[in-house]
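Read through the structures below before going on.
In what comes next, chain A is part of two complexes: it sits with chain B in the first one and with chain C in the second one.
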Partner chain A sequence: METMSPLERLLRGIALTLVVVFFMFPIVWIFLMSFQTNETILRIPPSVVFTPTLDNYAALITGKLQTAAGTLDIAFMRNLGNSVFLSVVSVAVALLLGVPAAYAFARHKFKGSEDIAFTLLSFRFAPPLLVLLPLTQYFQWLGLSNTYFGLIWVYQLICLPLILWIVRGYFEDISADVEYAYRIAGHSWFATFRKIALPLAGPGIAAAGLLAFIFAWNNFVFALVLASADKQPVTVGALAFVTASGIQYGQIAAAIVLSITPTLALALYAQRYLVEGLSLGAVKG
Partner chain B sequence: MTTLQLKNIVKRYKSQTVLDDLSLDVADGERLVLFGPSGAGKTVLLRLVAGVVDPDEGQVLIGGADMTDVDAEYRGVGMAFQNFALFPHMSAFDNIASALTARRSSKEAIAAGVGKVAKLLKIDHVLTHHPKALSNGQKQRTALARALVGSPPLLLLDDPLRNVDAKLRFEMRLELPRLLAAQGATVIYVTQDYKEAMALGDRIAVMFEGRIRQIGTPADIYNTPAEIEIARLFGDPTINLLDVVPQRGPDGAFVELSGVRLRLPGFGPEIVGKACVLGIRPESIAFTDASAPGAIPVTVEAETPLNEKTVTLTLTARRREILVSRPAGTPGPQTGPAHLAVNSRATLLFDKENGRLMRPSELASKRNGEAA
Partner chain C sequence: MSDSALLLKDVDKFYGPIDYGVHAVKKLSMDVRKGEIIALLGSSGCGKTSTLRMIAGFEAVSRGKISLGGREIQTFPPVRRNVAMAFEGYSLYPPLTVRENIAFALKASKLSHSTVDEKVAGIAKLLEIEDILGRYPSSISGGQQQRASLGRALIRDASLHLLDEPMGQLEPQLRAVLRGRIKHYIKERGLTAILVTHDQTEANALADRIAVMEGGVLQQFDTPQRIKERPANLFTGTFVGEPPMNVFEASVTASENRLAFGLKDGIRLEYAASDFSHTVRDVLKRRQRVVLGVRPYAVKRSADGVTGRVAVNQWLGDQTHIAADFAGGTLVLVEHDRSNLEVGQPIGIRLEPASLHVFDGESGMAISHGEELA
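Up next is the complex of A and B:
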């Protein structure tokens, strides 16, 4: 870094700026849109100068959408709540099941262990639409359609393989000797799992949890088919803005801003764990 | 202090047999060194005793009690790993204390215990550091402290000096015997360094390919290695090994080096004509005058000064290499022809076919038996 010439620094700065602009522009534009009315959004040519309005947010929070055809009820806040609930509980369940399983797969090679682990991963191979039809049938027979329980169960298809395979790698990276040393010092295998394996794989578990949360949050098709309006997350709920009298761009933008806020906040918070996770290798041995 | 017995231990990984019907007895308070090249199965054996690896067959008895199916945490052994295996997320203090927290000792007792062993190992000033902030030597001492702190009756040390620099290794080699004696534990010490083995062991068990090939005091192993391979591993410079075929002489068997007869004391006609390997330690050979009886003419090829000794490479008339070692500072020829005197009592004769040491006394008694 110190050996960089001013020219190199300049080029580097330009390159970084281009990348940031490329990735951040849509988000910034959406953010600006969320404070505008449909008229200012749709004017030609577009402009960044406008009188900001909080109407879009107000409409979302009160649940009353004013359209040319009259007032429309939307359940956006409920959808947001559903998203939070479904994602948090799904990830929690997946962590609870996946982390011990990952440890077992990492440390104990038993007959068929690779096959079981691969089968779990293969759930990610199949396109969701392929399993949806039979799943819908089963869920109707079992009385699971349109229940949180059923949705969380289906979300395990997304979360569990992800957590299992990422965390397994982190457990495998921990030197077995470190765990042996703790056992020999007189601690049970469970204490060793809790005090040695879990903290050392912590950053990996946090990263996997975060990734699983984002995947769960962004899921669309499972919830679309298996849940009705009162159980649907924001991804499905956003369809409500496409109304008979037009598309409410301002509200959509505000909804997007609200719905990416939790994942963004979580990612920023978890960032330090992710960095720790990457540098774990440096302190081994 | 306690005893350790291994009975007919077999350990396989997939199709490979790592420990092959191995039995071993370690006496109360004994310091046994497991010595052998890498891949001999030393570390697996140690882990098996610690209880983190299970044998496929055989029994592990600690203090006379069968521990074969007992989990590691109930065996009450202390172990130091070659790669230290410190807990990276804990301070040096917590690392060492881990052996005490499992016993639910009081906080004061833990602090006192850790403080005592840390002082002994001179790491009391770095106890708050995490492993990544410790030097290699401090890491190694922390790992050792963790093994020692609970005063385990059986202490397993897996090549603890392997990963530290030469200076520290030398220091610790001097310090360890005192430390281990103060501990009063039965010790099994794994190493690949013959000097360490000789310095630390009451007895040395030499391992090859999953078997103990010879077990005895350091002097036993050095003076009467049971096999060529063992002779080759002990001693620096390496023992001279020459293919010979003994011949019959008027007073027992002899071999020829540069056309000069070298007597093989104690050996008789039974070895005449047999393909053998003659082992002569470089320090059992000295330069001598041409006029001395039995002086072997050689050509000096090269001289290598090592710290405390000087090693000379010489060639016999048939251009066979012989290394000669003498204390540094003593005079010796630099180049050209020279003569060697071999201490024939210190020579070793191995059967070329199976590599085993041939002992004159056994052969002599066998001969007597046949005669009777």
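Up next is the complex of A and C:
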């Protein structure tokens, strides 16, 4: 690192502040909205001065939504639970399948291995809407529509390629000879994978898992089409706030705050891994 | 067969498809006896590491067989071969200290803690790395990493030790010291070792036999002395020896009592037929184009010999290297005393028949060494 002059430091500070304000403003605004009623939100001109209320959160937690047309039942807490369940299980399954696969692709080049790896990645290129219609049909035949099992399966389209490719780059960065040195000292292939490869790729795996979690959490389309109300995650569940008698901005804001909190907390907690994991091994060759 | 530690039989290595990929090792056959130290010598990319990796089991053998202690092992996974290896790139395990790196090589042997500690201390003393045992690989120098990696291999009680350029990063003084200690260590325990090196002094000092490789082909496999005195072909002749052997293309003319070699620039080396044995004379008579080789130490100066012109005169502190323009090429000779020859001055040269190595002009195979047939 070279040292910076005070002027450079000042300019850098200003630039950073601008970026932070630009990206944080919507989140802050939503956070403020979540403590207001619809009337104060829709005030013209808008103002940041208001009496905070916890009504929005209370409504979400009790599941009773007061609208002009009466009380409405919403299943927000259940949606939130679905989100957590679907994302956690999907990422766990993807890690279980993806990490060994990534290791295989990194270490054993065989005829067509590159093609298979690329095909798996290409699942991420395809627009989800393209596969959705045939998928819905198949799922109905197989009896998988509106099951957690089916949803988690489809979520693999999101999680698996991500984990496979990031973790593979990480494994490739580990010198094969380090593993050989361990194997030749009398350890099996599997012991080497567990004791040498996995720990060395740890930060990469954590980063990939985190990214996959965020992508899974944010998924909307698959869940919208393939799940009914009781299995829907928050992303889809939030649609319930668009009611016949208007849009419940306050509750939507509170719902957003609640639903981004887990990913935000996770990302902040694992920031170190994310930076390390994504700036090293990740996207190459 | 009972004292054979390692046997390679017609081993081929292709990277990529067999017969189409990179042909790194070609039909290599080699028999290493128990307790022997073998040096693998050859230019960069000649297949030394590939050979070691096939023996260790990190690379598949494309064709041929490898036996360790009488058992065919080319299809065994590394874990079942009982081979130790020091890697060209060290390959220490980053999250472990140097001590742990060396000790983990012993994990599988289920020794008691105190025995392991004792062994690690012993090997660390031998390699002069006692002071860095507690450090991590990323925080020590290349030469220290190399010694740690060598220690990790030597500490094991394997049936074969493969050492890939184990001292390449060390300064000559330390190398000379370690050379002696390592040889003693290996011989004392009766270990068998194959050592890859670019340093001929190291090969000569450590090895019972030297295997010279080039282009994936084993050129010669013999004792250091025989490799020096009786190189099997032009490659071995010029590759082994410092400074390298002088070589000149020549045509042979033989009569009843004379044998003459015609070199470029009209230079003729005339010998009495009696300078060569009968058999050598007979063989040489039937050749036309040959290559003559003379070691720089064996070149003599003589006023009535053939002449060259001095191009370089260098005093190296303990010997003089003189390079002369001779027969369209350069002839190097080594003398023990300082010389006051000026550049450009003519120099009389005599090449004794006993010092001549004659190689076939086409195949490069040795025909004769001095008065004996190759």
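We take it that the second predicted complex is superposed on the first by the 272 of 285 C-alpha atoms of A that agree within 3 Å, B and C clash if a C-alpha of one lies under 4 Å from a C-alpha of the other, contacts with A are read in each partner's own complex, and residues count from 1 in each chain.
The criterion applied here is as follows: a contact is a pair of C-beta atoms (placed from the backbone, for glycine too) under 8 Å apart; a residue touches a chain by one contact, two chains touch by 3 or more.
Here the structure is a predicted model, which means the values were calculated and not measured.
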item: Clash or fit, chain B versus chain C on superposed chain A; value: clash
item: First, second, both or neither for A:Y269, with chain B first and chain C second; value: neither
item: Contacts of A:F149 with chain B and chain C, given as first, second, both or neither; value: neither
item: Touched partner set for A:S175, first chain B, second chain C, both or neither; value: both
item: Chain B versus chain C as contact partner of A:L200, first or second or both or neither; value: both
item: Partner chain in contact with A:A185 - chain B first, chain C second, else both or neither; value: both
item: Contacts on chain A seen with chain B and repeated with chain C across the two complexes; value: 175, 177-178, 180-189, 196, 199-200
item: Chain A residues within the chain B interface of the complex; value: 175, 177-178, 180-189, 191, 196, 199-200, 282-285
item: Complex interface listing, chain A residues touching chain C; value: 175-178, 180-189, 196, 199-200
item: Contact set on chain C toward chain A in their complex; value: 56-58, 77-79, 81-85, 87, 89, 91-95, 104-109, 149, 152, 156
item: List of chain B residues in touch with chain A within their complex; value: 47, 50-52, 71-79, 81, 83-89, 98-99, 101-103, 130-132, 146, 150
